[in-house]
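Consider the two complexes below, in which subunit A is the common component and subunit B and subunit C are the respective partners.
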Partner chain A sequence: MIDLNINYQDPKPARISFEEWDDLFQRIPDALIEKFHYFPQNTEAWSKYLFPPQIFYIYGARHLRRLKFDNSLAALRLWGFINNESERLFRARQIGKKIIAVMGDLGPLAVLVHAFPDCVPFYPDCWWWTPFAMESTVLLDAAAQLGIGEATCYSRAALGAFAKHSYFPDPDLIFAATGASCDDYSGVESLVAKLTGNCIWVETPLRLPEERDALVNLLIEEYQRVIKALQELTGVQFTESMLHASISRTNQVRRLTANLRQLAYQQALLPALEMMLIEFGCLHCYSDINEWIEILKHLTATAEYRRQTNQPVLNPAALRLAWLTPPADPLLLTYVEDQDARLVATEYVINQALTLLDESQPALTAIALSHLNGSLNGAAHARAALLLSGAEANSAEGLIISGILGGSHCAMESRLIGDIVKASLKIPVLEFDVAPPHKEIDRQTRTRIDAFLELLRIRRCRKS
Partner chain B sequence: MGVIAPEEILTLRQQRRAELQELKARGEKVIGYLCNYVPVEIIFAAGAVPVRLAQADYHSAVAGKELIRVDACPFCQSTLGKLNSDPIYQLLDGIVFVNTCDLMRRLPELAATRVKVPIFQIYLPRTAEPLPARITEFTRQLQRLADFLKNITGIEVDRANLIRAITIYNQLRAKLRTLEQFRPHPGFGLKTAEFFDLIALATLLPPAATGNLIDRIINQAPPPNRDEHTPRVLLAGSIIAESDRDIINLIEEQAVIVADVVCTGARFIAEDIHPGADPLNALACYYFNRIPCACRRPNDRLFQHIQQLIIERGVQGIVYQTLLYCDPWRFEARQLRVQTQLPMLEIDHDYSRQNYEQLRTRIEAFIELLRAKNK
Partner chain C sequence: MPEILNPRERFGLLVIDEPQDRVPIFPLLTSAAASLNDVSLRDYYTNGTIMAKCQLKAQDEFQTDFISIFSEVGIIAEALGSEYYYPENDLPVLNRPRWTDLEQAFKNQECLIAAVPEVPDQNFGRLGVYLKAIDYAYQAIADRVPILAYIPAPFTTAQQLIDPESLLVSLIDKPDMVKKFLSSVTNAVISFSRAVIRAGALPILVDPLASSSVLSPGQYQEFALPYEKQVINFWHRYDLDVVLHICGDTAGIINLIPETGADLVSIDRIDLNYALKTAGNRVRIIGNFDTTTLWLASPKEIESRVNEMVTRGKTCPRGYVCATGCEVPLPTPRENLAAFVRTGKIAGNYDFPLSTKRGNYANCRD
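This part shows the complex of A and B:
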């Protein structure tokens, strides 16, 4: 199928369980396992990451036991790489790389950090999945001790992770973006700043379409402060060409992701869970952009092969859903697919990381413009429009909005967006809040999802 | 016995409502604004009548939940509810919002579904370090506001108009500051509930009328009503709406609130503006740099200001009240406790009075604790 699968043929596409992956892993030749290393050019034993989910379960990711996974080698590679990120960050520190925490802007600042050699950006924001992955409230409890308790976005886990000093190395620099963004995370950043005493604030302006040029100028000045701090940290003199190279690599990631979104959401070639991880990879490429690009190519080749051989991983005739706001509990995606539904459109609050950077523009202008594409810094109507375009193109039959109790933007925009979608596409909308970390989806949520999918089935029957 | 009778405040409000109706009938424009960061001077300079929209109550919050979820802050819920019900809100010719917290910044889009009047949103950078680009952008935002208002009133906000407005509001703030400084002195008899009511009047009545009222109060110097051993409390936290005096009244039954950092209280009057050569830029600098709301980043100056008040006014304990789901204030509570090392009572509320007696018990117990420490 593809060069990477040396002496190994993916089985017929399917979603398989944790235990099934363990068995399947036995068939992967050692030579193939040896082939994949993070921080490419590196072939040290410590940099291998192709392991079955069992390994990460032992390290604490207990939720893996309950998820379903795509059974391709490329997907295993994806899971191994992502689950390995904590270790990768500590290893990066050991081999002399600078660890840069970028917070709150969900995409643009990482492009600047990637321009500097040996700087590894990461988003502590993404640690919001950790309590669910580990089925543990340790990080949430730590955040509560520092002042952010219940009824707040699960992104508060990032504060707990900073306090624990064991989920990622203490960063060499922290950039905290705030402005027209959610209050919960801005509050997390504020307490992180007080906890670490080492934080550079970056403004995230409110998107006012008619004011674009002025806002770009503001952002450019903000970015120049970021660059100055990185220069001082690394001793490397910044050049425009460094940033152009970073933009070019970032666009490679975003193009590959856009293509995968099409293949998955139009043709059911990859499951929703893997797709969510792929979309979020556009933020900081899980701390290793070069290897991430290779993984995306591998996934693309897998999906293309499935397309050519007409082997979708999901039932193409399954109920077609649009999904707004990423589910903090990944088990929700597994569950809806288990009920013979599939995702055909998503709006996961990271539009700024998915849109291509305009390479014809001066580099900082291009990043500023992508920043202004953000999902959360504009009007709810604009966010609804983003979702609508995908949902309409792929004939979504229903919309699921997974919110968070106390999440500031959820409280204000969920109903409005739901109403817009309902009115425009005449499809039902289900809105629920994701329950705190647990090994199962709570009964109420499950019942509501079941009833919603039943409703969609009835509507489909009536139409036909 | 306080310095102003509640009946007088009510009468003044009712009279003002009637005046606003008359002013509108004569073609004048009434502009509502939310938030301490709206430069009221620009509204005044544009020839409009500024009215701060700081009313909130439980019933209007329930009405607001038709548009937003139960986990939105009750002040935003109530504001939405009041847009279609409060008599003063019905008189508005335009509304000015500021994107301070996330909820406030999303409110205009929802308000637009409720009212037909023009709505304007000022973009205030949330980052508080006064970098040139941020001030430049905020100045530009204020020019946009001036242009927006010109479209409503037909009056250009020029330098002369602005300087006049700045002077008038500086005088008003100075008078309110003078009054506020009597607060720590029990002999004067100014209750914090009254002080908040006067601030609310200052954002509703013409500045001269409020000024005269304050002059009268200062000259009256009512008799003492508290002993020197009364516990001295600082009040901090979310916005306290005009009709929301429960917590203040419960505290003042047994203690004295000697200072506050509430946006509808002393933070409204804390500093003066120096117009200089470019009054619009001066306004931008003033509003950008004023003692920050907890939502600004970083908000260290707010903490420094509180520390200063604690020392200057001999604060013995803090009552930290937050509206439910008011993240910017709620998250900072522990920091304040750690930094000040003072006894602190945290209260969450939502305008409902169902827990009034529980609230009383908690506040009484807290004040008892302060008394015990005093001995």
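This part shows the complex of A and C:
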């Protein structure tokens, strides 16, 4: 285990409830709570984050009572860190950092922002979780008032968050990537641009292998505009070495994440919910890359310890599932694990944030190439291929595709990818749209999941 | 015109030292929610669903910024054995404290307060009423409005467990024994609060019997403050933003109150300017409209006085909440309450959202 120099030992790995975490929290020594700070160079009381789900529940995250959590200290650290990101962004600005909203490309733009000192990138896109976490339509209603309603992906919550001025500080700069990406979110971005009046648009081209060099050049030109804007904002003269340093740190995050994916999906060492949070951490490191790296190391040490001591948190013999498109409602992941299934492969539309940046290339080329690995800027069969490799390697027995009602790429791609997976792996596929935020999974979806898992069990029995 | 922020968002900004659209409005609208809804008080404090429904209706009618789950300060003492009488249309009255004097509360030098479970259940006195009320209100509105649950502090609870006069005499002649007793009470208060926290309410510590109307500043420092601090430290482990309410006269102790660690201090009978000057750099101030005025004055007079109070309160460097000094009196006319809220909102308006070049809030951080 990671050496914290504090006497605390994780209990036997388990998924625990909201109340059980409160009981466990009583055992956490004060010294541990004092130990972890975001923006760790400061030790202000406000920058502590090792807190249990209860505090966030009190502040309205109603879903937390219904979820199950990994019972490790590292997982508590992960949850505490993620849940206070909103406050972290406000505090960042209070201590003089620049707040940069990057939207739409899910990964590459944040690498550029991280190259500049005291610039904190964040993806407003990620506020799409908030209506589910809070079981609330507050942000969706705010978006509707600005002209974007139920026919659009839940990512429209980001527009509501901009309008509210209370979920993150008004950014110093906003970069909005558009083109070959989620067209629903492009619609959201155009309304954000209208609302804020200061978006800088960044073109993201369709992936065409035969025109790779031209596309890389186009992206480099776009990124140079981004860099120019950041230079003007910060007064810092950009150098190639600044970007190489950022790439190096980003790759550290991605390597740690890749390793954790392997440990979790192959050996059942971390639950799906925590893994989803970890994967999404590759986007902008929850607004503090240095502390995020430390948390990933802590999680890795926890998973390694479990591997060495043969203590998986999930039943290794549970049904093995692949999952396509992030389930907007985290309760879905808790539910399938409660039914003795576990995830062994995922494709959450963020491949561009997971693949390593090529450090042998010029920096901007490396970022452009990583962008071209994107989940959404190529053909559906390429995205299917991303899922297939993991699903095949870890012997997935079924695929769940959680689509987003109104999300245009979901409607277009889901059936197509499902058919490819069925044909290639000969495994059943369940496809459904995630219902709007609510305190429980709607009965129809639950019944369909139950029936699907039953089918997989029967198939397994027959095979054996 | 609809407001930009809802109460939860507004309070969230306040506690992280960020500007809000206006000051939060917090008449301590507790049991008066029952009278406003023509519900008998006994039903209100013995039935959590009724308590929650009254609170939700009142919040909806007056558009205040908090839900207040509270009946009276005896709720923990009752669970520990004190007896209360429940009048039909008044708050519970202490019928017989658990012990007549401090000696009775000890046997072989051991305090007789029964060990309270780490997280007591709904059968712990009227905790079940609280939990039901919190749960009901939480499910209804917690994504938009903070739910506050008032927790009587150790010293106030002690005064409900032992004959108050006798306990006050013991402060002088048996101080060590009193402290030992207060330690046991503190454990009970913390356990009680854990149940409330789990239910989803932000606990607010109320210590009315520790005001300068009852204790000297020295006695406050010796017998109330350390135990308030213990409870607040426990809540800070959760990162809760702690409100401490001490009604009555606090002029003699306002300089000491920030030492409890409270993040927001709710004040009553004290000059607001003095409170701002003495504590406003260290804590956010909540207060402190005179409740008799709220009850008896005309709406016009209330408007004028609220305007004056909020104009001053808004200068608090750490942040300000427009509130009454104590609970809204039961017979307060609804038009008076409406005038309080309406004027507080207008007078408490801030320039929001500010441009990205904000005021120097960095000086105000914890």
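Assume the second predicted complex is superposed on the first by the 463 of 464 C-alpha atoms of A that agree within 3 Å, B and C clash if a C-alpha of one lies under 4 Å from a C-alpha of the other, contacts with A are read in each partner's own complex, and residues count from 1 in each chain.
The rule is short, and it goes like this: a residue touches a chain if its C-beta (ideal position, glycine included) is under 8 Å from a C-beta of that chain, and two chains touch if they have at least 3 such contacts.
Treat the numbers as computed from the prediction; the structure is a model and nothing was measured.
S.K.: Identify the partner contact of A:Q54: answer first if only subunit B is touched, second if only subunit C is, both if each is, neither if none is.
M.R.: Only subunit C is touched by A:Q54; subunit B is not.
S.K.: Would you sort A:W201 into first (subunit B), second (subunit C), both or neither based on which partner it touches?
M.R.: After superposing on A, A:W201 lies in contact with subunit B but is clear of subunit C.
S.K.: Return first, second, both or neither, reflecting whether A:L405 touches subunit B, subunit C, both chains, or no partner chain.
M.R.: A:L405 contacts subunit B only, not subunit C.
S.K.: Quick one: is A:I16 in contact with subunit B, with subunit C, with both, or with neither? Answer first, second, both or neither.
M.R.: In the superposition, A:I16 contacts neither subunit B nor subunit C.
S.K.: Is A:D170 touching the first partner subunit B, the second partner subunit C, both, or neither of them?
M.R.: Touch status of A:D170: second partner only.
S.K.: Inside the complex, what are the residues of subunit A that reach subunit B?
M.R.: Within the complex, subunit A touches subunit B at residues 146-148, 151-152, 176, 178-184, 186-191, 193-194, 199, 201-206, 208, 211, 214-215, 217-218, 221-222, 225, 379-381, 403, 405-416.
S.K.: State the interface residues of subunit C toward subunit A in the complex, per the touch definition above.
M.R.: 4-6, 8-10, 12-13, 16-18, 118-119, 138-139, 142-144, 146-147, 194, 197-198, 200-202, 237-240, 352-353, 355-356, 358, 361-362, 365-366
S.K.: Under the touch definition given earlier, write down the residues of subunit B that touch subunit A in their complex.
M.R.: 67-69, 71-72, 76, 99, 101-103, 105-107, 109-110, 113, 121, 123, 125-127, 129, 131-134, 136-137, 140, 295, 297-299, 325, 327-328, 330-335
S.K.: Can you name the residues of subunit A that touch subunit C in the complex?
M.R.: Within the complex, subunit A touches subunit C at residues 18-19, 22-23, 25-26, 30, 33, 44-46, 48, 51-52, 54-55, 57-60, 62, 65, 86-87, 90-91, 93-96, 134-136, 138, 163-167, 169-172, 439.
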